[in-house]
Amino acid sequence: MLFYWLNLIGIFFFTISGSLAARDKKHYHDYFGVFFTGFLTAIGGGTLRDMMLGAYPISWLSDSNILISIIIAFLVTLIFKNAIIRLRRTLFLFDTIGVGIYTILGVEKSLEYHVNPFAAVILGLISAVFGGVIRDTLINEIPLIFAKEIYATACITGAVLYTSMLYLQIDPNIAAPACMSVIIIFRILAVKYKLALPKFDPGHNTPDSL
Amino acid sequence: MLFYWLNLIGIFFFTISGSLAARDKKHYHDYFGVFFTGFLTAIGGGTLRDMMLGAYPISWLSDSNILISIIIAFLVTLIFKNAIIRLRRTLFLFDTIGVGIYTILGVEKSLEYHVNPFAAVILGLISAVFGGVIRDTLINEIPLIFAKEIYATACITGAVLYTSMLYLQIDPNIAAPACMSVIIIFRILAVKYKLALPKFDPGHNTPDSL
Amino acid sequence: MLFYWLNLIGIFFFTISGSLAARDKKHYHDYFGVFFTGFLTAIGGGTLRDMMLGAYPISWLSDSNILISIIIAFLVTLIFKNAIIRLRRTLFLFDTIGVGIYTILGVEKSLEYHVNPFAAVILGLISAVFGGVIRDTLINEIPLIFAKEIYATACITGAVLYTSMLYLQIDPNIAAPACMSVIIIFRILAVKYKLALPKFDPGHNTPDSL
């Protein structure tokens, strides 16, 4: 039940993140384009995860609450867009909350399907970030996950922690919110203090490299 | 039976649309690149739909008529390319016919798999436009669906109409062609009279935004 | 058993190819970005193939040897990166070996799932090249398969040959390595002697077309 509600909340934040990103670019997005970018951002990661697991039916196809959550989030974006945008880093924050929730949900569902623990961590990561990869690709950006500071590292940390906690028989209803918080806080601190993984080859970091 | 043939016809038009788009760009496409772009445009939407539904086997893997339809369309493109290109808006027209057919086929198949009606509409849209999204991404364009005037709106209108007609027990063999025509005519009129959804944020429409 | 080991070897070479490509670009890739690009390059084609076939569970989700192979390849890339890069055409060579192996593995698995032979050839091609398409899209290049000389042609030749040899009851343990070699040698010779398919429309080959 907790996971069901967390899923709806994750969907909600991802929709706002996707809609804002579409609006934020100078590409020629009409209302539908903004809605659809939000929609794909929201369902992209979970859909890919379920397709990889062979977990049919995919949730948003059978559970209309997910679509209702997306529509509410889209309307919230429309109505409050100026307020949302004025708060700096909003897109970042909403994306981070979505990513935190979805990483753990992805690990949880993968383990239900008897995926090996290492693959479950990666699948948690993929289900968390793939919506954002779609979003960034659609608006012709290099996906955030590849271009920016600590991001996946936070997800992987949280996912490994969650897998370990389940292994230690800790109640998922406690472990899940805890690990989601770890991811979200880790990511926020990383941005605030500009933590970053070392670059693979610093020589390539010319000024136009971002 | 009607749906089987409509599928082949949709495949045919999508292949031409994809092949022409590849040829139309100044990227370095050889014959294979043109064929493969046409192929992916043709099967992309239906394949994603079937993967989302868990509807195995995917049709083009088991029914070789689909591949034959693609090959014939590719040869037609090769032979008549100059004539086809001279007719202005040909790419647009072929894409529109494919989209009209595929939207309704997508809704139909989704409902067979007991998807909720709202999700069936979205899945109809996705199966109609995803081939074009692949095509546009491969040739490094912003996908038409996001960048241009009324497009998805036409699909959604037709899809909602079709779902409603089925609910009212209207024969699918009548409802399907009717709704496909609605989509195609709607889209053609929208382009002819430059109808467009309001932009999400007009301030972003700088001259270089397209 | 042969196929199992060939799969691990293909994964190994694709990981190096993906990691090197990420490192080679001036985009801002940190270590994780390089690893993840290598990972997606390695598993992309096989995952898409298995999802299209409905072949669950997807191998890397259940067999941790695949992930171990990816990690070893990534470490090899890290340790020997300067040596690897100094050898010109290394990226090309590793990609080619991966593509050769994966084409035949893709055809083999597709035929196991009773796909029609023509579709098996295309699915072999897709499973071989899709990882590279992901890699090139992630680093914002036009996918190699569309932009460069003979490439898919080599895969298709090998795939058709393999399908024919199976039809003639030749032992797969002999046919597979033979056809993989054909693909690899074909591709190397094509590049060495600058063989290319005729362009679809030579008039478009302006100097900036690549």
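For reference, chains read A, B and C in written order, and residue numbers begin at 1 within each chain.
What we mean here is this: contacts are C-beta pairs under 8 Å (C-beta built on N, C-alpha and C of every residue); 3 or more make two chains touch, one makes a residue touch a chain.
Nothing here was measured: the structure is a model prediction, and the numbers come from that model.
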For chain A and chain B, chains touching each: C
Angle, in degrees to the nearest 5, of the Cα rotation that carries chain A onto chain C: 120
Centre-to-centre distance between chain C and chain B (centres being mean Cα positions), rounded to whole Å: 29
Per-residue overlap in chain A, given as positions that touch at least 2 other chains: 51, 54, 137
Footprint of chain C on chain B - complex, ascending: 22-23, 25-34, 36-37, 39, 47, 51, 54, 56-58, 60-64, 67, 81, 137-138, 140
Sites on chain B touched by chain A in the complex: 51-54, 110, 113-116, 118-119, 122-123, 137, 142-143, 145-149, 152-153, 196-201, 204-206, 208-210
